[in-house]
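After this come two complexes, each holding chain A, first together with chain B and then together with chain C.
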Partner chain A sequence: MTASAADRSIFAGYHPIINYVFFGYAVLVPILFMHPVLLAISFASAFSWFVYLNRGRGLKFGLGLVVPLMVIAALFNPAFNHEGATILFYMNDNPITLESVIYGICAAVMIGGVILWFACYNAVMTSDKFIYLFGRMVPAMSLVISMALRFIPRYRAQAGRIASARRGIGFDVSSGKFLRRVRSGGEILSVMVTWALENAIETSDSMRSRGYGLSGRTAYSVYRFDSRDRAMLVAMLALMAAVATALAAEVVSVMFFPLFTVSGTSPFGMAAFACHAAVCVIPLALDVREDVVWRMSLK
Partner chain B sequence: MTIFEINNLGFAYPERAVPALDGVSVEIRSGEFLVICGKSGCGKSTLLRHLKTVLTPFGERSGDIVFDGRPLASVEQREQAARIGFVLQSPDNQIVTDKVWHELAFGLESLGEKTPVIRRRVAEMASFFGIQEWYGKSVSELSGGQKQILALASVMAMQPDVLILDEPTSQLDPIAAEDFIETLKKINDEIGTTIILSEHRLEGALPRADRAVAMASGRVICQGSSSEVGRALRAAADPMLSAMPTPMRVYLALESEGENGSESEREGAPEGGGNKDAHVPETVREGRVYLTEKLQDGAGGGQNGSGGREASDHPDAGEGSGRSVAGQDTDGERPARAKGEESITLKEVWFRYERSGNDIVKDLSLTLRAGELACVVGGNGSGKTTMLGVITGENRHYRGKVRVLGLDPKKAKGTRLSDAGLVALPQNPQTLFTRNTVLSNLIDVAAAHAENPSDHESVEREVRRVAELTDTVGLLGFHPYDISGGEQQRAGLAMALLARPKLLLLDEPTKGMDSFFKEKFSVMLRQLCADGLGVLMVSHDVEFCAKHADRCMLFFNGGVVSEGAPRAFFSGNSFYTTAANRMSRGLIAEAITAEDVIEYVRDRARGAL
Partner chain C sequence: MTSGAPRTRRGFDLRFPKTVLVAVVVILCIPAAIAVNVLAFDGRAYYVTALAIITLSMLPFAVAFEGRKPQARELVVIAVLVAITVAGRAAFFMVPQFKPVVALVIISGAALGPMSGFVVGSLSGFVSNFIFGQGPWTPWQMFAFGMIGFIAGLVFSRMAAAIGSGDAPVHARGGNASEKADTDSVFAQPDGTAVWGWDVKGRLRTERIRIALLCVFGFVITFVLYGILLDTAAATIFSSSISFDTLLLMYISGAPFNLVHAISTVVFLLLLARTMIEKLERVKKKYGFMQGVS
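On to the complex of A and B.
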């Protein structure tokens, strides 16, 4: 959301691989395994980290937008989904079941959590990191994305400049008859294409002049995988593996229909919840700890 | 050691009868700083592009180019990419990636360098060019000057032996341009890289160069030290002389008179024009030394008879008070024009872009009268362009009073203001064109502003009239993107005039114009003002403003801090003024152009006898 959040967050300072492994886990686990405890932990951590990152604005977004959306989602499901064995009451001759109510609530928490994780991602991650990841997978892609990110804002700015220059000599795109406005907009669009092609010649000169097209191109990145990253990756993977084992062994499992059954109260299950919580809370814990340490050191 | 040897190079673009290059022979020594000058279209770019195979244009070629002892064509692409660095004109077009760090690494990535190597080289370059602070930024956040420095740094990261630059400052304002040239000098001095620079702004480049090559219509007309080139151009009375730094122009104008024997009293003067080996002053400092000596010696050049009178005059000059330029009454030559009615009235106007942002225009008061050419000068980011936006209504002021041609831009909806006669020419005239030929662009505007758009004949007559006025008749058939920057400026002006302006706003109109066309442009403007048009021009080009404006204003921190007729205005400023004024400060009162200085010294020479 803001560059300042990306600068402020300690978690964002870790290597992109760490960031992506974390976000991948945080988003996929709730979607794939809608266990209420996992969902609750996930949602709570996402909500608190998001508010921590964006302060008052984050709270407004969370309570004002995400929560109402969740309420709607929770109501939506039982109204249309009539599966489940436990009938609570009838609405317009349709049965409302306990199972679909529970499912609706879980789905809502899942959706809310995922939205908040994406909002955190947006606040913390920069295009550089995205490009880095893709550069790793498809080296040619990293340059293409980087160029696109350079040209899109440029073209937008140029279109604005053309419109304003045209206004200066009496052609106003935003007023006049509809047809004339459409024609005027079309003219700008067509000259934009010419402009882009014209400039591309110099851009391609500049690229070729700097050796673009020679064989053996490498992809440079500013990120270094340091010892801190290694330690974090090992810890994260260990915790995730524990959760995955519990899920695979069905120590932690959930079934909504026809009857709502949920497991995970065994010690192993509790340990799995603890591991999940430990993973989810990593970014928040890092950020809070850093702020505390920083404040202490100032004293 | 010779790094480049160009032997009798000739080149013609396909299907063009006139060759772009004709018998060009230049030898470029390793480690030298070479400036190639000449008006636009003289073949500078074509020549430079021949020095790197990937950039060489297609066409008919003769002669050969030797790079570091081998024919250039036989040098491998990889080696050329690394050893021959090339910086192009447009800062925006030559930057490829979205992030500063990525752009710096681009060339090294192409060469297939490993990450640790790239990291070190990029770090070195970032610190050499002072880029650390914006290292992590997006390119779109940088200013034009910063972008061009970035383009330079990303080429330098490949550690080239030669750096070739094709008019790199043509799209920068004078302050950024000066910084850029200074950086080149630093590279040349501290790294020893050979520099080949083509320029039309010679004020900054020539004093820093070891050697200059002057070109005209595809031929080298002279080469040598800048003094030699200056003399040669003077001897040939070449129009390129007007692109030379002011001190050189003054010196050459005054000293060559003796050489030509046109003023017989100078002949035989010991340090007069006769000395062909004397260094021609290039910088303001050298110019001042020269001028001081010149005035002390007496214009008679060693004629003892007049020496006494000089001495008695001199203390006055030292104080910078006494003499007035050539006996002219200050700005007497253009008095009456500022008497028209007010076309722009700004009174205590304030503007900011965002509610929580800073004020960009602060407490600004300004007026412009019909028939007046007023220039607003001032540093980068002082809010000049924003002010133009306030006048056109693009930027809505939140306090103060604005009247433009009797209307309040805030309330004038749609095209009301332009219907009333307000026309604004943007900084980049390219943004005006939407049609395939210059002619159809002109007709478009003319038809939109004609009383009877369906009367094709009168529309065409109007287009022809304006095309002749703006000297665009020869350009009508071309695509507006295929003509040079100066020509685009002319075509843009033609479009502006066809919009029937009563008030014309110009934003940096002289940017990218060479000094030859600037003269033409000024004549055009004067003609329009004489016909009652009010012109408000925002410019960095102090020399142009000093020469041609009726009134100049200094813009600082969002408002006009001082204003006056150019002569009083520029001689009142001590830093933000013309080179001629800085050179003659304290020696000649109120001289602001090279012509002023030349005329004064000549008049004195006559008076002294």
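On to the complex of A and C.
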């Protein structure tokens, strides 16, 4: 979609393992632990990285799509969940509780953050990284995925070829009566599918004659796990482990019902928040640093 | 169709020990996921627990498919169907919910059997999200489309073979307009029944019934399986507690969208099912592969 963002981002240039460890952490921690501070840090870093990657378009997506969704999420919970000890008021004989309102707001920030992280993922990650990482685990399925991704533009081109051939014999999809055009479109699809299937057989015969499925074959890969990746992975895992320890020891914890209780003000808690923030800003920091270095080098 | 084909090609082969092992592990892991949710997260990590269960449930399919070491021909045909399905979703991007994806997945399952149906369905969900955006919904879509392909394969494999084998003569099944006019004048009897010893009308009726069955199946499974599953997913992420009321609300508010989706599945099945199944059966027969599945 946005190849430019994938090319521009320095974080995307790291080894796919780094990318996936980061996105896995960024998405799972807010969903599992809805601590307000963790959520706020996640959301803020996801939002700023996303806007940094996509500039004005990113801001439009953020405000136009994510914010309304967050409002719905914030309203949904207090309206339909009446747990909680502090009753604010009654609506249609149903109690609206403070705890439920707080949960709604936290859920909204969580959902917004997760969607923004996925939006960043979609902007910087390419399908070949997924295939590289999971290709050895599920080789047949990865092959299907990469072939399907290749077929889609190929079919578009072929459909264009069929359409122009049919125009030449007087069946134009872009003119004439509606039903005639629909039928002509259907014919193009029909020709396309037959061609695609015949072509598939040819492709597979070619694969077989080149030794597909024989043992001892290697996979081409452009990714190398170098010392830069190793340092990044170690740093990231150390920070993540610190956050995980704090969460497991309940230094940082949150409970919404029946009473909203939140912990994390101790020095250890603060350290955990700092570690979480450090992980979350890694991609943005790398990208900003690269841009600054580049601009300086121009001067 | 051909009884001599190896049975290992048939759908979900339980004789394959690795699959059994994975299935057992999955069956043990699902209660474990629920237990972790209850013990460590006070039973509130609905989304992640549900996600874990969904992901685990897809594992045996992946292992069975990989373990079967699918042949190149099978893989490429599956990739073609995934690509067509994704292109179909992309072609209708401006019409919300009106998508040919479920119809094409049902056709794939019917023509290629339950296992390939699952793979076409789940990978179509995955690959199309490379274009439409991956998100927390991806695993749910993969599971829903995959299950639809799998069930379609279980229910309709035999029927698809019958449609594809052409037990009603081609000219009686519409064809294109001029061809139909031709055959009408040459072969049709005044009462429209026996033509050269073939009960054309009867066979045509059987085929219409088959397509109608496929459409009913498509409508029900889109509305019930896909709709309910994705609405439940939405409920798990939106709400702090899952109750009958929140779920009912989700289902009611999702119903119009699911209805449009289900209707679109019927429309695309009516338009595509016969032609697509014929084409797939033809390729299978012509090149003699995947014969064991139907």
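In this text, the second predicted complex is superposed on the first by the 253 of 299 C-alpha atoms of A that agree within 3 Å, B and C clash if a C-alpha of one lies under 4 Å from a C-alpha of the other, contacts with A are read in each partner's own complex, and residues count from 1 in each chain.
We adopt the following convention: a residue touches a chain if its C-beta (ideal position, glycine included) is under 8 Å from a C-beta of that chain, and two chains touch if they have at least 3 such contacts.
In this text, all values refer to a predicted model and were calculated from it rather than measured experimentally.
Student: Looking at the overlay, does A:207 come into contact with chain B only (first), chain C only (second), both, or neither?
Tutor: Touch partners of A:207: chain B and chain C.
Student: Determine, under the contact definition given at the top, whether A:119 touches first (chain B), second (chain C), both, or neither.
Tutor: Second partner only.
Student: Per the contact definition in the header, classify A:198: touching chain B only (first), chain C only (second), both, or neither.
Tutor: A:198 sits against chain B and chain C alike.
Student: For A:127, decide between first (touching chain B), second (touching chain C), both and neither.
Tutor: Once the two structures are laid over each other on A, A:127 reaches both partners.
Student: Just chain B (first), just chain C (second), both, or neither: which does A:141 touch?
Tutor: second
Student: Let me test your reading of the model: by the given contact rule, A:190 touches which partner, first (chain B), second (chain C), both or neither?
Tutor: Both partners, chain B and chain C.
Student: Could you say whether A:28 touches chain B, chain C, both of them, or neither, answering first, second, both or neither?
Tutor: In the superposition, A:28 touches chain C alone.
Student: Classify the contacts of A:149 with the two partner chains as first (chain B alone), second (chain C alone), both, or neither.
Tutor: Both: A:149 reaches chain B and chain C.
Student: Output check: A:216 vs chain B and chain C. Expected answer is one of first, second, both, neither. What do you get?
Tutor: First partner only.
Student: Just to be sure I follow: which residues of chain A are touched by chain B in one complex and then by chain C in the other one?
Tutor: 127, 143, 147, 149, 190, 194, 198-199, 203, 205, 207-208, 212-213
Student: Please give the residue numbers of chain A that touch chain B in the complex, ascending.
Tutor: Going by the criterion above, the answer is residues 127-128, 143, 146-147, 149-150, 153-154, 157-158, 161-162, 164-172, 175-176, 187-188, 190-191, 194-195, 198-199, 202-203, 205-222.
Student: If you look only at chain A, which of its residues touch chain C in the complex?
Tutor: By the definition above, chain A touches chain C via 1, 27-28, 31-32, 72-73, 76-77, 80-81, 83, 100, 103-104, 107, 111, 114-115, 118-119, 121-122, 127, 138-141, 143-145, 147-149, 151-152, 155-156, 186, 190, 193-194, 196-201, 203-205, 207-208, 212-213, 255-257.
Student: Residue numbers of chain B touching chain A in their complex, please.
Tutor: Residues in contact with chain A: 52, 54-55, 77-78, 81-82, 85-86, 88-90, 92-99, 101-102, 105-115, 118-119, 122, 136, 139-140, 151, 154-155, 158, 392, 394, 413-415, 418-419, 423-426, 428, 430-435, 445, 448-449, 481, 495-496, 499, 505.
Student: Considering only the defined contacts, which chain C positions touch chain A in the complex?
Tutor: 41-42, 45, 47-48, 62, 65-66, 69-73, 75-80, 82-84, 86-87, 90, 119, 123, 126-127, 130-131, 133-136, 237-241, 243, 245-246, 249, 271, 275-276, 279-280, 283, 287
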